[in-house]
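Going by the order they are written in, the chains are A, B, C and D; count residues from 1 in each one.
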Amino acid sequence: MINRFVPDLAAALAGVSDGASIMLGGFGQVGQPVALLEALADMGLRDLTIIANNAGAAFGGMTRLLETGAVGKVVCSYPRSSDSTLFQELYAKGRIKLELTPQGTLVERMRAAGAGIPAFFTPTAAGTLLGAGKETREINGRLCVLEEALFADYALLEAWEADRWGNLSYKLSGRNFNPVMAAAAKITIAQCRHKVELGGIDPDDVITPGIYVDRVVHVPEGETAV
Amino acid sequence: MINRFVPDLAAALAGVSDGASIMLGGFGQVGQPVALLEALADMGLRDLTIIANNAGAAFGGMTRLLETGAVGKVVCSYPRSSDSTLFQELYAKGRIKLELTPQGTLVERMRAAGAGIPAFFTPTAAGTLLGAGKETREINGRLCVLEEALFADYALLEAWEADRWGNLSYKLSGRNFNPVMAAAAKITIAQCRHKVELGGIDPDDVITPGIYVDRVVHVPEGETAV
Amino acid sequence: MSATLNPIKTYTREQMAARAAMDIPDGWFANLGIGLPTLVSDYVPAEREVIFQSENGILGVGPKPAPADVNPWVINAGKAYVTLLPGASIMNSAESFAMIRGGHLDLAVLGGYEVSQTGDLANWSTGDNEQAPAVGGAMDLGAGAKQVWVLMEHVTKSGQPRLVDTCSYPLTTIGSVTRVYTNIAVVEITPRGFLLLDTAPGVSFEDVQARTGAKLHR
Amino acid sequence: MSATLNPIKTYTREQMAARAAMDIPDGWFANLGIGLPTLVSDYVPAEREVIFQSENGILGVGPKPAPADVNPWVINAGKAYVTLLPGASIMNSAESFAMIRGGHLDLAVLGGYEVSQTGDLANWSTGDNEQAPAVGGAMDLGAGAKQVWVLMEHVTKSGQPRLVDTCSYPLTTIGSVTRVYTNIAVVEITPRGFLLLDTAPGVSFEDVQARTGAKLHR
């Protein structure tokens, strides 16, 4: 019998080790796997690659991950935050690497990883510093760059509802990067607000089918976003 | 004020002319824009390119389109049907062209068209007759072919619910190719079973946002699939 | 070839499907090709939870409904009415093939004309130019699933082997078949070539080798 | 440069946003960049229905809620709480950027450092190597929307033109800006170069040309 639920955060993160690449769901304060991130920060890991839209912004567990030197590299589109300069300081000191990617290219590269597309052409970033060094080609009169699929060892997500197959639903802006990362990572770990019976999510309303989810931990943080 | 609803099938199909490329939603008997297809067959057009998974199978309006010689070319993955040999006969006589594409490549090419990806690499069909003549490249140790985005002048869809912005929902297997084609065509025309007030589809449940839809005609065919 | 062979008792189509079903582990996600492979779902042992995908956009396909229980909005890729299991989900065709092509399915069970000893599959075209060719999702499934099992008769109607050195029909995929279930044997594709895993009752290694177009290992 | 110029009265930030909003036709789908462009939505005439997209996955963004009405699950790309209009829809980030990059938005309104007479945009980096660069969705919006309007001060704090012959800062997109709304003028990018469409009250063609780094047409 399929049962993706694990008893606690430690079981959810079992096996995550030094050097792992980790996608973090969420956009801004919504849809972030806050409890998983806090537990990750407690693990004392090194040389992590963090892939997320706001991976350079510091908040909760992310602040601790950055401060303690657990993160060697960040792949993101917007490593800034109105309430923290921690990433900037680390970057200026050369203590963290940054792979900056346009947000649309970032998420399309994740989508490609999940969809079996090893590489694709896009006009975004063609002719700019962020397209420099990449293969280019003019297609239909437009300069394009070749971008590669972006995989990760782990994805940490936050869902609204989950069942034992690992089917997930999200709430409004909480959807964001979560369903895309679910398919792009080797091991996908979700924390969910609500644990429902199998069939509790209508077939038309499942956003992430359980095939993409390896472990689910129930973290009933209440109904607010953070 | 935005109002995508048009009064009848003729208004929905206004402007469709000889030589147009037309995507048809539906998989098997479910989610087909039957009324739009019947009305299209009545228009006496020529040299149409029909793009659909089952574009070679004959049914209703499709049979008439094929019989009357309105279709010059079909782009599909499976031009067969258990209850018709019409397409085979036309093809054998050289009266219709066929661009055969693996189903996943077909739908990914449509998705690419809608998503601004002019071309992508895929292992599907590499080293086979359907990959012959295409650019190939080995990526991560795997032979891939380069496939191009597939656009159309029109997409004809069937939806379950629609509102005046053109937001659409689908019912179960009726979803299939419909949402993908909506974004790949210059003009997207949907027939819907149910007309709802703006806001009548929950934001989390809109499958095709109205930005992809140009015209909606209300065709309350009842609750059965065909 | 067949004229010189010992007569043997072969599996029926249902037995072939049941033999393959026996080997699908609990918790796998699988897509069953149209025709013979579709039968496999009927034979999965009740205590195992195997989740079937249909490429028109269903994960969690259930059994055929009784005529009175047909939901006209639920069909599989073979256009037959099916049911949805609790936990089933609906996706559009692009998402469905992203699942297939992205390597997420544990298993695709496909029909076949020929399988080569290096795992090439021919199952979509006989190369007949008169007939309009059709491919459906075979190339995507063959290239995308983690395991590709082919369910087919061991030899053609005229007795020619379907497990061959090199395919003579146009290829569907290159090197992706991992196992073949026939009416007389279960054959694994290995770096060495065909490896006999099992036979139908009363069928010997020699019987299978005699009907196979390349060296059979054991 | 500024020392030799006639003093002129310029639009406030709010007036710049209002001037741009005036030109958005009924029924357009638009994305507003973070900062100044976000103000545009406040000034769309009430009788026009303009649908705003937010790249974190909302189509149909409504106004800011009163503090008591905040739904913590509804934020825009600037991480501010917003509302959903009736007819709003939610999508994931890949779908949201497919909408942007696929050319479906009628309009993106972006901030800018510089715009060249061929429509190049520089708005993401000052080229300062100490500061970790950030780009967000600017390159996708700039390359993807049907119309790209840039909302920026006409000159820098030190009086240097921002409408230039060739951008000096790192580029965001090449040739995709169609119009610039500044605190003194509305300038269209045409095959001939900058074309003055309108000015702030009391500002002359010569005033605008004097503050522009390339030839201004009329």
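Operating definition for what follows: contacts are C-beta pairs under 8 Å (C-beta built on N, C-alpha and C of every residue); 3 or more make two chains touch, one makes a residue touch a chain.
Since this is a predicted model, take the numbers as computed values, not measurements.
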item	value
Smallest count of steps, each to a touching chain, taking chain C to chain D	2
Chain A and chain C: spacing of chain centres that average the CA atoms, whole Å	35
Distance from chain C to chain B - Cα centre to Cα centre, in angstrom	29
For chain A paired with chain B, centre-to-centre distance based on mean C-alpha positions, whole Å	33
Overlap residues in chain B, where contacts from two or more other chains coincide	108, 111, 115-117, 122-124, 171-172, 175, 203-204
Numbers and ranges of chain C residues touching at least 2 other chains	58, 84, 90-91, 97-98, 100-101, 143-144
Touch-based graph of the chains, sorted into line, ring, star, complete or other	other
Full enumeration of touching chain pairs	A-B, A-C, A-D, B-C, B-D
Contact footprint of chain C on chain A as seen in their complex	1-2, 111, 113-117, 163-165, 167, 183, 197-199, 201, 203-204, 206, 209-212
Residues of chain C defined as touching chain A within the complex	26-27, 29, 49, 51, 53, 58-60, 84-91, 97-105, 143-144
Sites on chain A touched by chain D in the complex	27-30, 53, 56, 77-80, 87-88, 91-92, 98, 100-105, 107-108, 110-111, 122-130, 143, 171-180, 207, 224-226
Chain C residues within the chain B interface of the complex	55-58, 71-75, 77, 79, 84, 90-94, 96-98, 100-101, 125, 130-140, 143-144, 170-174
Chain B-facing residues of chain A, complex	108, 112, 115-124, 139-140, 142, 144, 169-172, 175, 203-205
